[in-house]
Amino acid sequence: MGVVVQNVERADRGVIERLAACGVATVHEAQGRKGLLAAYMRPIFPGARVAASAVTISAPPGDNWMVHVAIEQLQDGDILVLAPTSPCEDGYFGDLLATSALARGCKGLIIDAGVRDVADLTEMKFPVWSKAVSAQGTVKETLGSVNVPVVCAGAYIEAGDVIVADDDGVCVVKRSEAEAVVQKAEARVAAEEEKRTRLAAGELGLDIYGMRERLKEKGLKYV
Amino acid sequence: MGVVVQNVERADRGVIERLAACGVATVHEAQGRKGLLAAYMRPIFPGARVAASAVTISAPPGDNWMVHVAIEQLQDGDILVLAPTSPCEDGYFGDLLATSALARGCKGLIIDAGVRDVADLTEMKFPVWSKAVSAQGTVKETLGSVNVPVVCAGAYIEAGDVIVADDDGVCVVKRSEAEAVVQKAEARVAAEEEKRTRLAAGELGLDIYGMRERLKEKGLKYV
Amino acid sequence: MGVVVQNVERADRGVIERLAACGVATVHEAQGRKGLLAAYMRPIFPGARVAASAVTISAPPGDNWMVHVAIEQLQDGDILVLAPTSPCEDGYFGDLLATSALARGCKGLIIDAGVRDVADLTEMKFPVWSKAVSAQGTVKETLGSVNVPVVCAGAYIEAGDVIVADDDGVCVVKRSEAEAVVQKAEARVAAEEEKRTRLAAGELGLDIYGMRERLKEKGLKYV
Amino acid sequence: MGVVVQNVERADRGVIERLAACGVATVHEAQGRKGLLAAYMRPIFPGARVAASAVTISAPPGDNWMVHVAIEQLQDGDILVLAPTSPCEDGYFGDLLATSALARGCKGLIIDAGVRDVADLTEMKFPVWSKAVSAQGTVKETLGSVNVPVVCAGAYIEAGDVIVADDDGVCVVKRSEAEAVVQKAEARVAAEEEKRTRLAAGELGLDIYGMRERLKEKGLKYV
Amino acid sequence: MGVVVQNVERADRGVIERLAACGVATVHEAQGRKGLLAAYMRPIFPGARVAASAVTISAPPGDNWMVHVAIEQLQDGDILVLAPTSPCEDGYFGDLLATSALARGCKGLIIDAGVRDVADLTEMKFPVWSKAVSAQGTVKETLGSVNVPVVCAGAYIEAGDVIVADDDGVCVVKRSEAEAVVQKAEARVAAEEEKRTRLAAGELGLDIYGMRERLKEKGLKYV
Amino acid sequence: MGVVVQNVERADRGVIERLAACGVATVHEAQGRKGLLAAYMRPIFPGARVAASAVTISAPPGDNWMVHVAIEQLQDGDILVLAPTSPCEDGYFGDLLATSALARGCKGLIIDAGVRDVADLTEMKFPVWSKAVSAQGTVKETLGSVNVPVVCAGAYIEAGDVIVADDDGVCVVKRSEAEAVVQKAEARVAAEEEKRTRLAAGELGLDIYGMRERLKEKGLKYV
């Protein structure tokens, strides 16, 4: 506790943008179904889709002091990722902090806790994926850390990892794997396009994916 | 496990449409307050209102193989109803499956588990009532069954039963009772119309429903 | 049980309107972080912001008889506040009751239970903050009380207290403290305006709030 | 609502006793992994193991009137199974009802709601599997039904079905399948005995079950 | 925040002991089914039964500083009642604090949060009813208050109120009502004794309570 | 997915035993309040206290194939740690697997899912900390991995890390930090012993820890 790591490597900007375009579900599949945050992490408004580099915050329950510290560490294209050290749904973050974060080029907030001023944040189009919405404020009394590894909503995240988030949820891609993952993800997008056309035309997945034989082997009975 | 029932009787198409017009709350009252699915079943977007014949799916946790099998069983005017064999919030269903289901005339999905690609499904106006939204994918390794009776979100549903769903939740009407229920439901709708006018004019429910005497008998005290 | 308190003092109308303008998060801070209802109380549609005088209802689980009784006690500018005597998510309230409440000048409903007909309520712009949405109806068999003190979603509320509610949640302000609270809340709003400008210009909270020294004293290390 | 079914067929007494001896986990496997109640159904004290014929109760939330009606329907060797018509954790049942049920030969209670007087019930060795323990009492105002089919903790149960319950939870066996299930269950018990001996001696499941080849085929890598 | 109320009136010692003898379920009934804490408040070991005067603590999330302050306010026969100002399951209390509290004559702890060292507390026979068990420690940085009114697990509690707790849960009796409540509670205990004997002899509640006629009036049908 | 790491370094045996003696709450404090698993991880029977080296399992939902693979990797003094790849409460583990694990010297199981045969496991004194008890069985169809890093109940765990578990919950100590942590933990135990004596004698924490002045500075008021 009480450490701020300042020099954090980020992934390539172009790679990050391509990950955003693929979306969470595709990226998650592409990296072998790992890195997904818990399904209780929901966007405060629909339609946002971002990818950005994580600036991580480990914060005590009900204490948002470290958010102020973290904002100074933000670079353009980053996203804040806050994990409380024990479960908490207080509103750590509101429109003033969002104003400050936006001024540093921040792309949004992932928080395994609560957020407030959501009407303002929505108007500002500042995307947040959170566990809760709560007007309950926080104090500034106890140190936490910035840019240390955290477990956020069940996923292990290191500073500089890529966060991909949309209406389906939030996924983390390791910085070192971002390039490989985006290639697989884009390949999936391309492959799905053709399937979509065939399915829309009424062809069945049973036939497109050749499932009938294996289903029969496993013993599926039609009655 | 491992059974697909193929010949399922559906309710009368006209009856189904009239049930949709009545809405979930009214239909549920009309059939004596039974058949409601758990309140955690929420629509992925507001405003949808459907009634359709259930094609049921009993699926293992984290395995959506049977969805492909079920889609072949769909007829125009059906709705998919998926119950996992143990609680699971994985994303069993996304935009490719929706494309395929839509091509068969499917009216939507009721799933006591998770769904993904919700931005796409919203754009496609494919309505889903689910327990969760989750990008977590599933495998295709273990058999389940199609069109067998299931318990979905606390309600017992047989293939061919009528599902009514709107912003208030989801309700099942037994196929054999659909005609009787729709008549009672429409009678309620008519009766409510008159009450709405009187209440809007400032008359009190206490008087319209004649409650004052019974409240007094029970001992209600005004102080 | 079985008591209706009829003469309830309300707070000053002007004070109530000024509280609404401040919003829940600010009001909650201004009164020393007390009075917030649990974060599970969510609006049925986004964007509503109200302040109103509480008409409280203590109701048995699954029984909405007392809502009818409470509506008679409503004055223009009031809001209904319902707490069940044991946890319950049934749909106590729907569009007919809302029609009746609106006819009496009611500003909305706070309910630590379920609500139904939410599509209609949304169309009517009748705001509700609830624990759940549920089509499950209720009976009218057992007495409760109206305008007695209740604990609703974890907050102690007396009839005539001011309820402030918006997208961040719901907060109660004691009637006797409303005037003092609104003054502090408006002072906060004014103070935040200046900070917002400075933060938007890129100044850091660390500097504006003079945090650097205290962080250093506490032992924060930059590495 | 408001129906008491009086003539309910039970399964063979000997079969029921043999099911009890097998235990929940084995019986559940033996019938193809169906019929398990939700895992939140927990015993109020450890060590109980029963099998008995279900006398079902469908009860309104917070109303235990039908329990009194059901007790009259009990035969020696029965078990009460209560499902509320909407979720409720009130204490429907306590030591007086247990005294009455015991006098009729009742083997216990399965309740998807709350129970109270648990210290007394434990002393009486009256086993209960419940969703909650709660001192919150109930009223006697609204009818329910007895011996109608219910969905209890996610499982569909008909009067006369066999309930098997132990520290692992609760499982229902259809009356018509009880004999077939007990035979499969006993076969499993016998088969497990031999495996237990080999495993205790240090042999590996990988070898006993011949898993190594299939794991290799699927691509498992040892590094 | 930041207030310690020192002179708190307690209820009569004899009355408190008589309330303990009646138990939670009976006391709760006797006072008209009010004052029960939420059912998630569970004892850390079975069999404890206490009644004592509340010394209340309002504490910030994850901060147990005020527990030390409260212990100085304890008198022989008191019980600590802790409510966090926002939901928290951290372990606020362990064996050292229990040692200190016991030395002041404390009868136990009611905590709408977490507790730790439960093996030691069990050995010391120091009863605790809590929302959670958690080894997660707390800090001592932010003030709370002692002996102010709190909402604890959904119940409104003032310092000096009587807490009754056993395996069924926790109930609060207002200090001013304790004497009246204990009389009603003891009357219930006496009345139940006679019913227990009749029920044990096989008489039915339907007859003892004369329910048959009213059930018939309501329309109950035997088929 | 599909990897078994075979050569895992363990911590020093003596250090592990000393960690067990300190207990979870003390170890967690000693390492700066990190590494605690979520509070929902509860022991299946009270009184167990272990420390052991983690053999980790990443398993698909409802599939326990990898448990068999992991058992071959066990060394005397190890503990199994299972994290499902998406939330699941099925019973992955029962008495046969425990028999096999015990034959390899296994000290217990930490499982962020369900366990069954708990009566047998209790009799065998095989300690388990789990999220749930469930008789719901699992399949053996899909690969997972063994001895890869996992996030289990919110904590990041690598194979060979030391798991400490008792009635307060479960904590992980990094292998590389085990020696340093045990020294701090033992120092805490020693320091607490002296405080316990003073507290038992009636001295107050307020005085022992010298809190009075700082409380006064912060503004605590006695009234």
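Lettered A, B, C, D, E and F in written order, each chain numbered from 1.
Convention: a contact is a pair of C-beta atoms (placed from the backbone, for glycine too) under 8 Å apart; a residue touches a chain by one contact, two chains touch by 3 or more.
Just so you know, these numbers come straight off a predicted model, no measurement behind them.
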| item | value |
| --- | --- |
| Graph separation of subunit B and subunit D (steps between touching chains) | 1 |
| Pair of chains joined by more contacts [C-beta pairs], A-F or D-F | D-F |
| Equivalent interface positions on subunit E and subunit F, same or different at half | different |
| Distance between the centres, which are taken as Cα means, of subunit E and subunit A, whole angstrom | 42 |
| Distance from subunit E to subunit B - Cα centre to Cα centre, in angstrom | 41 |
| For subunit D paired with subunit E, centre-to-centre distance based on mean C-alpha positions, whole Å | 31 |
| Residues within subunit C bordering two or more other chains | 33, 36, 39, 85-87, 89, 134, 136 |
| Contact pairs between chains, per stated definition | A-B, A-C, A-E, A-F, B-C, B-D, B-F, C-D, C-E, D-E, D-F, E-F |
| Touch list for subunit F against partner subunit D, complex | 2-6, 45, 65, 68-69, 71-72, 89, 91, 94-97, 99-100, 102-104, 114, 116-119, 122, 132-137, 140, 143 |
| Interfacial residue positions of subunit F with respect to subunit A in the complex | 1, 32-34, 36, 38-39, 85-87, 149, 151, 154-156 |
| Subunit B - residues contacting subunit F, complex | 60-63, 85-90, 134, 136, 139, 141-142 |
| Of all residues in subunit A, those that touch subunit B in their complex | 23-25, 28-29, 33, 36, 39, 42, 46-47, 49, 166-169, 171, 192, 195-196, 199-202, 204-206, 209, 211, 215, 218-223 |
